[in-house]
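For reference, chains read A, B, C and D in written order, and residue numbers begin at 1 within each chain.
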């Protein structure tokens, strides 16, 4: 029998009486990439938190390095060579990139952190994961995608024997993802045991050797990957046949323009020009952190911006505050739901009502019954299950994302600015979201879809703009968009057509 | 700024710290511990008007006022600034009995006339302390209370804030006397800031737990006002009470008709400090201890104070009239 | 049942009741109705200041200028009395407007100039101190405002007017916090200002409202304190700064913002007054009394104040 | 050559503080201009002495705020330090007395830290209760101002020569820099900003918080010792005003209330601003009313400046 690096045996865990894991077992082996699959809320993150010592299981045991224990502490896990890329990133916002990478495991010299050694090692790791730039920047200044790269570098810093990655690519673009895949293959070849969680089926099929599927906290499959088809996969996870992930493309764009700006500068964005028409889905792609987010924030009035000329929804000029944007009918869904989208300690219901508490009001008082009806409807629409008075932080990552999206629905916004809306969302829900976006477009809403998931840009968008270093470097109409053309434009390798 | 080297002691300079090298008009610094309370505001007013008077006499050039916002450390810093600015005299109402010792000595060593009044410093290394003896204050109040109760009865003792020398000294004086009257039983003691609301709160709580109270030995004016209010709001018959020249207390004293006694820490101590400083600088001999006899208000003299009440703020203190002649007479006393 | 036992407001109320019962047995006068009523009267002032403080803290800020605003309103009332204003209503409204204005200025500094709430309100307190030196002792008008005098001393049906005012205001604040859109926005702002902003909460307006409400509550509290004390003086507000913060935190509102309820501040205020009363009747040296006070607060906090575990 | 990573990080953290540095420098220049004696040995000594205790308590408060805590017991701890020094020095000699002072701070600090971290109680209310307990202890030890400090100690620390004091300050700052560059020091930031992340990274969050409280307590009693030396005696309520002032200094210096954000140099600059402001206002001959109003305005402006400037510079 081959050796086992880390295993969980018959592990169960409940939060406040709700069982999340029920007798789950999993075995990680050196030189094998193990996929952990399941819908949002299936219990994947909970399982890896137990494997890495961040949570203690209610029952069951863990096998680490030939030893059996009922639970681990993070320090013990580290000693055993277990490192985790957490889904909800575990970075300290005000510390620098380098300090975060080494956090909790610094090499020290005479009691002090050996900064020069740290600098060398951190630079190495950043190069490895494809993060460029100054290592002394604090995390709070980084866009989400780059934070994810730091989190990966942080896990690698520990020279793990067991590396657990919880949706490491959820905000990485095709290019960074590819680099990561190559890296993981090298680690595998070096005998590291890997556990990989992702809702991007393609990656999983490419990379993984073995798969465990969780459904509602129970293990429904534990088998080698070889020979499995994507459809089988989806069936294992969802429990029924998969349809097509993407709805058939059918442009709903109309003549009327809702956004027409030129010479827009904000944050990283320099002199950008773009138009958006009613019923259009406009994609925004590129490598991570090229200014795509700044562009959305500028249009949303959440970031100081100026433009040579601007017309938005018929009115001249940019909007200069979020409230003004909302009034005009512009909504924004952020990528970093934890920091920007949700009040984690507040209830799901409260979060869904956030943009407009005034909606369910009569006689100046909030009506609980109206609010209940409204939120129950939204929860059904987005298949968020369970008690809506739970705090949002008790939801799985994907379900949190649904809440962040759901809150805008009652507003019927005319323009939707979406920053990676399917980040961390399971296939099933992704499809629901795609259908929803198409429906919105058909109803005449205009959508800008910033996405790190390139297939989305390919299959959903009327046009795709690609950004590089703050400039819009390419505009690709639906027919010409392919994953390759986007990556090529993002890298600046092909002389793609200049943006209008 | 000229360095003040040890100047030859002038023949006529007899006051401590004064070297005789400083010539009128003099600059005066008033190092206030906290200028917000009304007592301090009234005191500052007397200093201002005295300084104006002395200016007219060509003895004072300017008056600089600092406010330490209640912090003895800031007061040290500000006195140091006055030394740095080479003021001729410094008037101090001390935020701590001991904390200012070193900086005051430093001022003295520079030939600056330092006068302490109201909250006094313990040190004697200064030009003059204008003394109203806090211990005597406590002793006299306790003696009056014991005599009024015929040496027998239950009393409450109301003290100012703990750890502050004025309040500790008044209490020490009172306790000295009460020891001699075994018939007088202290039911409870309180410590509150010298303000009426907290005193009223404390006394009300005590009234509920103490069915029989014969007297209230209050060692601060606002405390007495608070106590009287507490009795009134409880509908309890007020009892003999000591206090201070706080206007609200004097008015309540009259209104309730209690037997009362009040000492006075007159605000014009400030004016007198300015006067004494100038006298010392001007070469007149000034003793380090300038005693001001404790002014007392009794049932008999109460009306004369209340008659002037409207000239004083409602939350202020009604002090007796003063003049340079009065100050001079205190200075002449041995 | 379990959920109830986790509720801080309820636990704090239970603690208050237990303290009252135990102390009532130990000292008969302590538990008498008039004494309880008196403690409630005292608590009403802390409770009103605490109401504003609760709103501000829930909205993610803190107000260190409450003491100065309370004092300001007591000192300003006599200055605002005119002979034609026989009921004193104009003066009362004037004072409330003034204190609200001070609160709004705090809000402007915090929302527009982005000054940290602690700094802004501390600076405001300093600023008001300067103003008070100018105002104090300047006028010789005693409290002759009928409304304020009535508030401070009337006891219709054996129940104090100030307690009734407190109850009414408590109802309003609770409704405001938990049943109005504005209240919800306070919570959102305190929980995560960035997310709230991106979700369309008007941060500036909301901040302004929170500090305005705090100013208004301080104004009301000042009037009560004035009525109960018979006259105002500089420094009358001083005890309410720490007391209001303590009442808020004892009541389970998170000092970091976003979570809490005025329902906890209510028993928190009563608890503080009760402990103070208890300590007053204990015969001990002042130092020992302070030690006792601190120990009691800490001990009672242990009963009601634990925070959630990390793992 | 590129500056090393350490210095790059340090330099970056200065940026946000530039406006505050500017205001402080401006006030210092004005002060030096109004009072040239500042640049004499004694002038410098006296000014440093005014600043030193506030600098210490600002450091004490900053450490706590970095870990997401706050202390309302700073003032009481200063009083305790002063009282312990003034009552023990006569009997035990200066060395033992100083050790006692530091031990008192360490012990009370660690105890408060343990209550906060292990019992999961909010720091603000624990330290509020603690301020009564510690202040009460100070009153029990010394009910009325008194006691004494050995004159040589007063002369060395608070005489006309700033060398020892400045040396001590530099030593403290270096000590802090050293601590911050250790894994335990960085842990302060991590535990303050994101305790879950810190815990997951293998940091002992509770121990970090307790250590912060202990160090903070020690700095406070050290400030008490200095105040006692400066005044030659002990006073059981001398520290009262330090509590709010320490918070003001620290927040002025850009240390965040939510933990994990801010720098010690910012806190020190904040305390320096509060100190120099008082002297400048004196030399400008301002009456108390103007002092209060000016103080309020200077503080707000110093903090609002980055925003006001930022708006100018924004695109």
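Note that in this section a contact is a pair of C-beta atoms (placed from the backbone, for glycine too) under 8 Å apart; a residue touches a chain by one contact, two chains touch by 3 or more.
These are the chains along with the protein names UniProt gives them: A = Sugar ABC transporter ATP-binding protein; C, D = ABC transporter permease.
Here the structure is a predicted model, which is why all the values come from computation and not from measurement.
Compared on C-beta pairs in contact, A-C and C-D come out with C-D as the pair having more. Separating the centre of subunit A from that of subunit C (ABC transporter permease), both taken as means of CA atoms, is a distance of 44 Å. Per-chain CA centroids place subunit A at a distance of 70 Å from subunit B. Look at where the CA atoms of subunit C (ABC transporter permease) average out and do the same for subunit D (ABC transporter permease): the two points lie 29 Å apart. Averaging Cα coordinates per chain places subunit B and subunit C (ABC transporter permease) 34 Å apart. For subunit D (ABC transporter permease), the set of residues touching two or more other chains reads 138-139, 143, 196, 199, 236, 288, 291-292. For subunit B, the set of residues that touch two or more other chains comprises 35, 69, 162-163. For subunit C (ABC transporter permease), residues touching at least two other chains, in rising order: 129, 133, 286-287, 289-290, 311.
An unclassified topology is adopted by the chain contact network, corresponding to no line, ring, star or complete arrangement. Checking each pair of chains for touch leaves A-C, A-D, B-C, B-D, C-D.
Contact residues of subunit D (ABC transporter permease) toward subunit B in the complex are 35-37, 43, 46, 50, 53-54, 138-139, 142-146, 154, 158, 227, 230-238, 240-242, 245, 275, 278-279, 282-283, 285, 287-288, 291-292.
By the touch criterion stated above, subunit A contacts subunit C (ABC transporter permease) in their complex at residues 54-56, 300, 302, 322-323, 325-326, 332, 334, 339-346, 350, 353-358, 361, 364-366, 407.
Within the complex formed with subunit C (ABC transporter permease), the residues of subunit D (ABC transporter permease) that make contact are 70, 72, 115, 119-122, 124-126, 128-141, 143, 195-196, 199, 205, 236, 244, 247-248, 251-252, 257-258, 288-293, 295-297, 299-300, 303-304, 307-308. Residues of subunit A touching subunit D (ABC transporter permease) in their complex: 52, 54, 74-75, 77-78, 84, 86, 89-96, 98-99, 103-106, 108, 111-113, 115-116, 118-119, 122, 134-138, 154, 265-266, 304-306. Those residues of subunit B lying in contact with subunit D (ABC transporter permease) across their complex are 1, 32, 35, 64-67, 69-74, 76-78, 80-82, 84-85, 96-102, 122, 161-165, 168-169.
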